[in-house]
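Letters are used for the chains, namely A, B, C, D, E and F, taken in the order the chains are written, and counting of residues starts over at 1 for each.
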């Protein structure tokens, strides 16, 4: 309870809630698209840079197992999502595959929120977490889209184009590129820009607060669609992340991650992409209904994780590490 | 004034389709195109982008034959699953031979 | 190609009117509309927004009857006090039955 | 004189003057609209947050009277404006009501400048000033528009829509929302983002400097209209704020506000809205001439307050508090 | 509905030309114009701005005579060295006497 | 070598390289135009402000000679460029004049990178460097355009319009305006905003890093045109800046500038404008081929200076000052 309260009263959770309320009272207010993009560029690049600087201190041994379990999560989560939706939820092939592409990938904002949360709980995660984030981003999308393309017997010729697009998209350039830049520059050069990009500093947290205000507005503007998706998807959007989150936290712990690191990996597994996945699915599986995949990932799973999921995975992680 | 009478096709579509549509236009014989960001409302309100209601408006000046090919393609490849609207108007173009 | 001949009404207006105009369009029978941000100069240069000279450009594809109703409304409700300009052109629309 | 000089040589007054000069030499330069909006979002949200954190320390007694006099100012200033314009200035009903809606409301930027000024003079205002700002924002607009609608015998059916728009607009969401977020998060969480949002810190002051550069450009681009509004409005734009400013400072002092707090309340009363009021008036009272209300509020009263008014109200406040 | 039949000239050009073109339009008799930012591709791909492919789209409603003068001017002054495209269409304008 | 390595591993060089790579792997990623403009406004205004504050400490004597040599460079560099291109490169009058306008002016971003570099090497440049930057910006453009207009027998009526545009453009307003604001406000007021605008601080360096990421993308998107410009221009784009850079560093040293100051003046002479010059040339000399002047200044000279030129001019300056 203490931990949940700490999360709910954090600036970013409150700003997110304010964004939702903004939409509920039918305000027209939102951040300009360019400011929103600018903030996300800053946040992602900061994460990449910091991760790169810290990756310089990591040994091969400490990274190997976490990489393996992350890739395993990237293959398993789209499949579990797909089968639950097909078998239990009776969704069409296209719809199930479309949603699976979202839950098989990862939400960078949720990841950032988890990083910020565990740091505030003094459970500093490993420095190579951004590496894991980039590894988890694309496999899920491709596995899910491949299932959809095969099952609906489509040529799937655009899968390669989709792969290129995901791998060269904003998130990837900034995270992987930032990582390499951080790795190359080293501690000394990092010192000269740390006051700006430090992911524990006030600039990062302030930018994150403003960003989550906007994310709340975006999520809130989808709330009107909640009644369109039916009770199954509502429940799915909460239960599935808990299952994936527990699985990810457990695998992370097995792989030797710290309390904070395992929490963040669990959160990644639990989160659903709503930036990389939607355009990929829209172009590759046009029959999949966007209302289903956008509403479940953005209006259900995303707020759930930000407000309740992250502290929950943190407690699971503490328990698995013999603490709590 | 020396002008050639041609067709102008306007397409309004979801932003994710911009690349697909414009490369198709060139493939079908268009020599260029002009794209404007816009927003709108229609019968579906499908939005696969962060910005609700946002769309792209593509204008392309072409011969009547190419215009027909474009409409035919758009109808078959996009109308079933996507929010696309297409209309044609007649225009007099200066230096019109550049566009056929 | 199977098209229906309809009217396209274009309105250029002050940004504060966007919401008023578009809701009126739907009320008068339009099935959708496309809005683009633009800037311009006209006879008045009235600007009640932070950005001088900025305006919105609204396109709506409708039947001739609805087009007339729109023009009539715009003329009576907006012309006296607002900077609005309106023109109509004839367009051939694919899937044109959606818009009438 | 010392105080006036201190104000005129402050970064924000100088940046504002530079913006005006930029327009006078016919430069095309201006901040991108999105950056300008982004800066205003940051400034307003910072104010709300800080106000909320400090409101947590206030007692009911200390807030009650300031709230009462603020609401009184919200009712009185549109009426004085309207009658001066009708009786002395011979303006039409629509024009007088349109201008009254602007002077009855409040300019958030002028408010921010006043807050920054009194803090730099070590006259820390009360923590609940943002609350007063939000209270003063809308009544004036509605009273003035109601007068206009009644007198010109218009149905006025859109008054309710205007009310909703003003109450859910950017300024309100960020100030009221920020206040609630600040109140909920408390000192401890505030500490983690204070380095970014602190209204006395360099980020806030730097953003404010850039913002006032743009405001100078916006005000300067209206200078060409000064000759169109006639000598009466020119004088009105300077005399009215001084009267309202003195009244507000006096009422604030009576209500128990400190030197800084009374100065800020006086500045609010003296200021004229040019963000919330113009679209509301344009839609509700289209016959009112925008050149009148935009030029007087933006090209006369706003620069007057920023450059000369604020230090003047500060001296009045000092005198009323038995200092100076 | 009482409308006047006029011409609408649309010019798509490099952004550096906006000021030059619009002041010329007014000089040649236009009473106003509407500018929209757009992007596009054409035969040259010349870009003298930071943003590749960006262009401005200028619409101007004028009498047939002014339309001809505009096209003539654009052809002589801009076609040799600049990426400009121009087309004309016929429009029915409300309050059309304002534009001639 | 040490110095070159220090430069290549600096955050801004690495971010610039990342931007180039972003384009080479055909990513669509780029900063929103408004964010890019916002960053450039912040950087230029910071430079102006800081320069103004420091100019307050400078004596007339220390400034006079540097001003003279800067103006001399502004007259010489367009002429050398023009004649090399005409005589050695056999370019047309228009093309040679168009390119000369670029190399006769100065790239503000290269200037900023040089300032940041020499400061990181503890070779603090003179406080009035922004003054020199503004002096060097326009003469080159006008001399080159005048040559072009005379030689191609054009009326040249728009030269005056071009002059006004260059003098009132963004760079000028922010640098000259910032300088005056900084001069007027003095050390005391500067203290309250130094944490935001300080050109040695993390906010400035962080913003510069993001800005150079985008500049790398812009430069990289021109790389496709490298094969269109021919081998002569490729060599020219590297040799010309070295010659101008050495000349500028030498003249700066003669004029009494410090190691850092002479390096920065050399860098300015070596750099080619790609913000002010292109539109001026496009409008005044439309027959000049934009591919030539944009590619050479943006895709060759700019990256060369950022990555290799600046440390080279620094070593020349050290040698000329009897150090190194």
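Please note the rule applied: contacts are C-beta pairs under 8 Å (C-beta built on N, C-alpha and C of every residue); 3 or more make two chains touch, one makes a residue touch a chain.
Everything quoted here is computed from the prediction, not taken from an experiment.
Shared contacts of chain B and chain D, meaning chains that touch the two of them, come down to A, C. Centre to centre, using the average C-alpha position, chain D and chain F are separated by 41 Å.
Centroids of chain C and chain E (each the mean of its C-alpha atoms) stand 20 Å apart. Annotation for chain E: residues touching 2 or more other chains are 36-37, 89.
For chain D, residues touching at least two other chains, in rising order: 32-35, 38, 203. A list of each chain pair in contact follows: A-B, A-D, A-F, B-C, B-E, C-D, C-E, D-F, E-F. For chain D in complex with chain A, the touching residues are 32-35, 37-38, 41-42, 45, 164-165, 168-170, 173-174, 177-178, 180-181, 184-186, 189-190, 192-197, 203. Chain C contributes residues 14, 16-17, 20, 46-52, 80-82 to its touches with chain D in the complex.
Partner chain B is touched in their complex by these residues of chain A: 33, 36, 218, 221, 275, 278-279, 281-283, 286-287, 290-291, 294. Only residues 9-11, 14-15, 18, 21-22, 25-29, 31-35, 38, 120, 201-203, 205-207, 209-210, 213 of chain D touch chain F when the two sit together in their complex. Contacts from chain E toward chain B in the complex involve residues 10, 12, 36-43, 55, 57, 68, 71-72, 74-75, 79, 85-89.
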